[in-house]
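To keep things simple, chains are lettered A, B, C, D and E as they appear, and every chain counts its residues starting from 1.
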Amino acid sequence: MSTRNPTDWKSEAMRKRIAGRYAAERRFKFAGLFAVVLSASFLAFLLVTMMGNGLRGFTRTEIALKVDFPASPLLLDPKAITDEALANANLPMVTGTVAKTALGDKADALLSPTAWISIRDAIKADPTILSRTATISVPASTGLDLAAKSKGSPEMEAEVAQLKQQGVLSTGFNFSFLTASDGTDPTQVGIWGAFKGSLLTMLVTLILSFPVGVATALYLEEYARKNWWTDIIEVSINNLAAVPSIIFGLLGLSIFLNLAHLPRSAALVGGMTLALMTMPVIVIAGRNAIKSVPPSIRDAALGIGASPVQVVFQHVLPLALPGILTGTIIGMARALGETAPLLMIGMRAFIATPPGGVTDPATVLPVQIFLWSDEVSKGFVEKTSAAIIVLLAFLLAMNGLAIYLRNKFETRW
Amino acid sequence: ACGDQSGGGAGATRDQIRAVGSSTVYPFATAVAELFVQGNAGMKSPIIESTGTGGGMKLFCAGVGAQHPDIADASRRMKKAEFEQCAANGVKDIIEIQIGVDGLAFAESKQGPGLKLTPKIVYEALAANPYGKGPNKAQTWKDVDPSLPAIAISVFGPPSTSGTRDSLAELILEKGCQSDEAMKALKEKNEDEYKATCTRVREDGKYVDSGENDNLIVQKLGANPNAVGVFGYSFLEENKDTLKDVPINGVEATYETVSTGQYPGARPLYIYVKKAHMTAIPGLQGFLNTFAANWNPDGALTKRGMVAAPEDVRKKSAETVKALTVLDGSQLK
Amino acid sequence: MTEEQTNLTIDNPKMSARDVKVFYGEKQAIKGVSIDVGMDHVTAFIGPSGCGKSTFLRTLNRMNDTVASARVEGEITLDGENIYAPSMDVVQLRARVGMVFQKPNPFPKSIYENIAYGPRIHGLAAGKADMDVIVEKSLRRAGLWDEVKDRLHDSGTALSGGQQQRLCIGRAIAVEPEVILMDEPCSALDPIATAKIEELIHELRGRYAIVIVTHNMQQAARVSQRTAFFHLGDLVEYGVTSDIFTNPRQERTKDYITGRYG
Amino acid sequence: MTEEQTNLTIDNPKMSARDVKVFYGEKQAIKGVSIDVGMDHVTAFIGPSGCGKSTFLRTLNRMNDTVASARVEGEITLDGENIYAPSMDVVQLRARVGMVFQKPNPFPKSIYENIAYGPRIHGLAAGKADMDVIVEKSLRRAGLWDEVKDRLHDSGTALSGGQQQRLCIGRAIAVEPEVILMDEPCSALDPIATAKIEELIHELRGRYAIVIVTHNMQQAARVSQRTAFFHLGDLVEYGVTSDIFTNPRQERTKDYITGRYG
Amino acid sequence: MTGPAILLLLAGLGAIAWVSARARALRLQTAARATGRRDAVHSLPGYHGWYVALWTLVPAAIFLAIWANVAPGLVTQSVLADPAAQSLPVDAFSRSAILGEARAIANGSQAGAFNPLSQGLVEPYAQALNKYGIAGAVLALVLAFAGGAFAFTRVRPDFRARTRVERLVMASLLIASLIAIITTLGIVASLLWESFRFFSMVNPIDFLFGTKWSPQSAAMGYGNDDAFGAVPLFWGTIFIGAIIAMIVAIPLGLMSAIYLTQYASPTVRKWMKPTLEMLAGVPTVVYGYFAALTIAPALRDFAVMIGIHGASSESALAAGLVMGVMIIPFVSSMADDSIAAVPQSMRDGSLAMGATTSETITRVLIPAALPGVVGGVLLAVSRAIGETMIVVMAAGLAANLTANPFASVTTVTTQIVQLLTGDQEFDSAKTLAAFALGLVLFIVTLLLNIVALRVVKKYREAYD
């Protein structure tokens, strides 16, 4: 056998070669860093832009309105303040009159059309104010609101300056944005209804798609004999991931609504439809995760008499969980941001009351964002961005748990 | 033993009003819904879906019953085919109510060249095959009309799948097309060819299909000062600070000109109601009344950017609401 | 069987194989092996690397089922029952026929959990205290207790090679199988640890049927009473250990054990 | 160093370690080892399982860097250069100091690609033909060629345990490193294959510095000229092999090699 | 008896069944073990518990599910038989509305009646509901007891409870995997009929190979000729989703995954991975605006600057780039998981040969992690194919057959959405085209997936 001498690692050629490989290594590492930084900066850019526009959406401008109740044309008995009495008191009209006395003829343009609600709530909270003059903060009109916060029309800017001088203008956190639902006036709309809709929808989606997705992945990877039948299942699952989401909407429409007669616009149906869409993502990610569990672990467990079910649930699944959770995270993230299939099942709708359960009519955050982005009034621009911030916060919260679990389960062996 | 919200049984019901249809009518319908709840304590808020006129009609005509909507919003009149489909599915008595008018506005950026257009110019600039004389070769507005500046034609407008595009074709393009006598004659002779010649829009990038999001067109105009946008009048109104009107036939799109129909791009808006639902769905009559109370020039309709219908139309509509007169399908096209 | 073979009948064998053939895809790794394994003696499998010892061992508790390309022909019985019969409960089979693999494969769990896993799934411990006893006893028998008693809750994968191997032995005997298959259990062990394992084997003999694969002739001679010599997928010779080592009948066996082979 | 030690100076050592300590987290696995490894002789590391042989071996080519919890103190030089110096080129170091791991870890690639991997990344082959030569030669030296020559393009993971081990030896020597660290290279091998590897070691001696971890005293005696005995993280004794085996100075060494330990 | 109450009761029964069966098995097994025969005891007592609990719960639950669908009909029938029902209007919908209202009042979900007629029906309804509610509950309980008792008698030391329970587990896993098949069939079914109608109006050859897509012509009744050539749409889909977006997403995603698993510190990885995953959750409207108002104009200006003709303010490039960013996490997270799962011994083996980290990654880790990487890429492509909003907003809707990335193109999915949500007509080829497009897209992606499956099978390097 011919013998070769030890490689001369110190030779000039080898040195050069290694220098070149190191350069490649540095380039590669830099490329990795660059990719991470670039991806993250895209996200940062989007987030910063959205924050810039959206944070304003969480505040609103209010005018301190002096209301002389005894002098107002309001006919209400302080001792019998019921919802009905308030509804019949024609508060909108009264508010208009009161505003005119306080702010002059332009009052209509300065106050939000829903300003009367603040007055109603004030009366409800303390009926005794009906016998005196009270100062009540009411929301300003969209035009004034915009002018007070940033750029508005010249007339409104002038009004802002004047009202500021009078000391009646204030900008504060808009709690009603977090507690109210959809509406037609940007100063009055809230995100709660859509938020709750998303919550319920995602709950249904998760409850359905996670177990089914994991079960499918387990079946295919661990139990099914590898033959044409499993190939069919595998290919059709991969293919489902590529089916445009609106087609899932069509399917939901024909099966859940037309066939099963489930209620239209409901979180239940939305969740079921999105679950069909999310499931393939979980299956695909899950299968890959299961595949990457080393076979020696399975051998070890089988070798001491664990049943295949025990092997899977006690060894493979815990080790594959991080990957499964990744699939769940990205699948759910997509479901959370989806609008097209929900249109087909009636969730692209004006729904002014938050849903009480999964069968009540509901809309979801991305649909709300979509609807608001198409609104005429400019006041909705910042509300749209604010809603996007809420959606991202939702996304973060939803993923938080999964990410926590994933970090917990991740082991290298 | 369990809950029976499945609605599968014979006793399915609904205590909310449901309306579906046009995205153009949507803002007004939502405003009415809001007012309806405010005025009727205890009523659940009606659900207004924005599906587009055609999509809404499809749902509306699918049948009578709790799982089908009560109202269809429309930015055009119901088509004969739709009426027949309704009838086939048992939706026999339909109430048609015109609720107002919308303007199809032409606008450009404040920095724009200040174009002045006519239906004829628009037609010649945008038609795929002007007057059937071969593909449109016009590159700039000057190519169409020498009085216009030599600026490349670029129009952002509704996509071919939308109802608004139908309006563009009907209200502007056909009118421009008919300035040619031969075309008028063609209409009598060969309706199909006439339609193709008069309403088909060029597809070489001069006309840009822009989706259903009008705010996006508004923003794109800001970025393209030489482009013209076509969208709902309300968006022009709201964005007067960045946009300016492009007059058609010398008429600017204003509230008055649209309302009186003087502005060429005005189109009526409707709602359609199932009579069979009037007795079954609580509050439906009240909802219609709220519509009627708000379609006046100082009502919610105009606050939401639409234009009130002329007085006689409003009166007729109000009567329809009261008497629930059903639509006679034979007048439909 | 392609070769003439020592005929070694065992009365009442615990396991017996008849004309077993194993294929990996096209390739035949075992060419028709018949052998009986009894309770009273330890059986050693010897033979050059790649001759099919591990493969044959894995057929005895059907671990070859997990290799997609592997296919087994012939009959293998445990207490007279065909283990490849459809009615066979593979799980119970593997609980009864324990296995120590050639490459140590601890679970990525704590040392304690590695041992406790088997008893737990088979319900062998009545409670925590009982389990502690089992774990300690198994680790002691595998000669690992002293080294790990202070770190029972560290990961089993953070042990040295020899420690992992002993952990796997402890894991296998913790469920008290009836047959124990050990694939080179001492390959990573020093003489002292090896001695402990051999002691364990002596101790278990009689109550369990034991099969051990080894490359160490001395070890085979020390621990086994029966020896099977494999070569290229054939069982060349099977006999009483002392006979095989002192008086092999086959030329090939003789060449191998005298180191003259190859 | 915690214990008195045989003083064995080697002129011009290839590698030398000075007061090397290794910690896994809190746990100290090597307690201050100083040793010189020369070119002219093979060095054997012996000692009971878990005493730190593999750990120490891994410090010699900085493979411990890959264990997150591991921390190395002290100085190790290769040709007088400190290998833990920041200026050290780890890639070149590992190319110069090759390693065979205790648990065979073939890549999930073909047998051919397993061997060709190193020469390819280091650019040692001029072309396909040259690579074929290198692959054949390495497999021959590892004693695997005859068994796999017909299936060079099968996966390296579908080999028997012993075959995998030889594959890994072949892979390590294919790049012709200056120092070869072998962690129990013959643990899964039969006597004949073992003999081939030992032959290889003899052949390489003189041109390469070789360190071999083994549990087999006979093997240590056969192949090495220097032996180091480790115990509980200490280097108890280091000396000329014949001395160690015939005349150990330390009580512990004596106990261990006579098998009286533990 | 109300629904929740009966479910609670059943759950309680199940728990009792579990506990008592387990206790019995334990007792019997202890006795059997004493005999010394190992195979005298088969399953852990817990499995016996589950076996009996499942026999208690599953039949009763199935019955309740059926009952929930049958009972309302029975209730309605018995109400209709009531004399008070004679005055109901004949019109089916009004009738069912009144009945529904009466039921709502009867079960307390509604306070007052909108229709006076329903008030009279409340009483009969309450009675009928009560009657059938009790009947259902009793039957369910009987079933639960019968099932539980049957199973309980089978608890013996050598009874193979584990096998039975595991068989159920396996069956449910199998059923789960069938859902994918059913969904696939459902999708095909919901597309097939309408596609068939479409193809009876439009020649499939013209559709598949035509190069002009102009549904407006068909919409306005100028005939279907030359209007439904889907090639530009498929090209647009490939161009935007599979070429441009992937040129962005694969390098960025894969390199991010590599950096995070192999170079970055564990803390950085722990935070960066979920951060990048947020990219997949940003609503597409946001991306759409970003693409249309920031990226697209910039690209157009750039194109004009370097003198490219036909640069439009809607461009394939703008949409593709932004879409690529959106799907980075699909590639990065799945690749990250697969790479992290490759055993450490593989890395060690390569590093010990003197390979650099990057060589180890590209030559050992990536091939071993290939299924996961390819899976992530396939998911990403799938997501890109399915995206509409970004395309509508940034790439326009014009079906151009062009390889110029600065030109406007459109995609199959976008057109499907436009056709389905725009102003549709019932029978026009225009609306039906959406279904045909969906079907063809489905078939094309199916074929691509089959190819991908083959490729992965061929190149996968399995470790152990």
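In the analysis below, contacts are C-beta pairs under 8 Å (C-beta built on N, C-alpha and C of every residue); 3 or more make two chains touch, one makes a residue touch a chain.
By chain, UniProt protein names: A = Phosphate transport system permease protein PstA; C, D = Phosphate ABC transporter ATP-binding protein; E = Phosphate transport system permease protein.
Predicted, not measured: the structure shown is a model, and the values here were computed from it.
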Minimum number of chain-to-chain touching steps separating chain B from chain D: 2
Higher-contact pair (C-beta pairs counted), D-E versus B-E: B-E
Greatest separation from chain C - chain, by CA centre: B
Chain closest to the middle [Cα centroid of all protein chains]: E
Computed distance of Cα centres, chain D from chain C, in Å: 29
Geometric centre distance via CA averages, chain E-chain A, whole Å: 18
Separation of mean Cα positions, chain E and chain C [Å, integer]: 47
Distance from chain D to chain A - Cα centre to Cα centre, in angstrom: 57
Per-residue overlap in chain E, given as positions that touch at least 2 other chains: 162, 289, 343-344, 356, 359, 420-421, 462-464
Contacts with 2+ other chains: residues of chain C: 91-92, 96, 103, 121-122
Chain B residues counted as touching two or more neighbouring chains: 6, 8, 12, 51, 212-213
Pairs of chains found to touch, sorted by chain label: A-B, A-C, A-D, A-E, B-E, C-D, C-E, D-E
Residue ranges of chain A touching chain B (in the complex, touch as defined): 83-84, 87, 92, 113, 153, 182-184, 257, 260-265, 343, 346, 348-353, 359, 361, 371, 373-378
Residues on chain D engaged by chain A in the complex (per definition of touch): 89, 91-92, 95-96, 121-124, 137, 140-141, 175-178, 203, 207-208
Residues of chain D defined as touching chain E within the complex: 61, 63, 66, 68, 91-96, 98-99, 101, 103, 105-109, 117-118, 121-122, 155, 157, 168, 171-172, 175, 177
Touching residues (chain side chain A, partner chain D) in the complex: 1-7, 9, 14, 17-18, 21-22, 25
Complex contacts: residues of chain C adjacent to chain D: 24, 46-50, 54-55, 102-104, 147, 151, 158-163, 166, 183-184, 187-196, 215, 217, 256, 259, 261-262
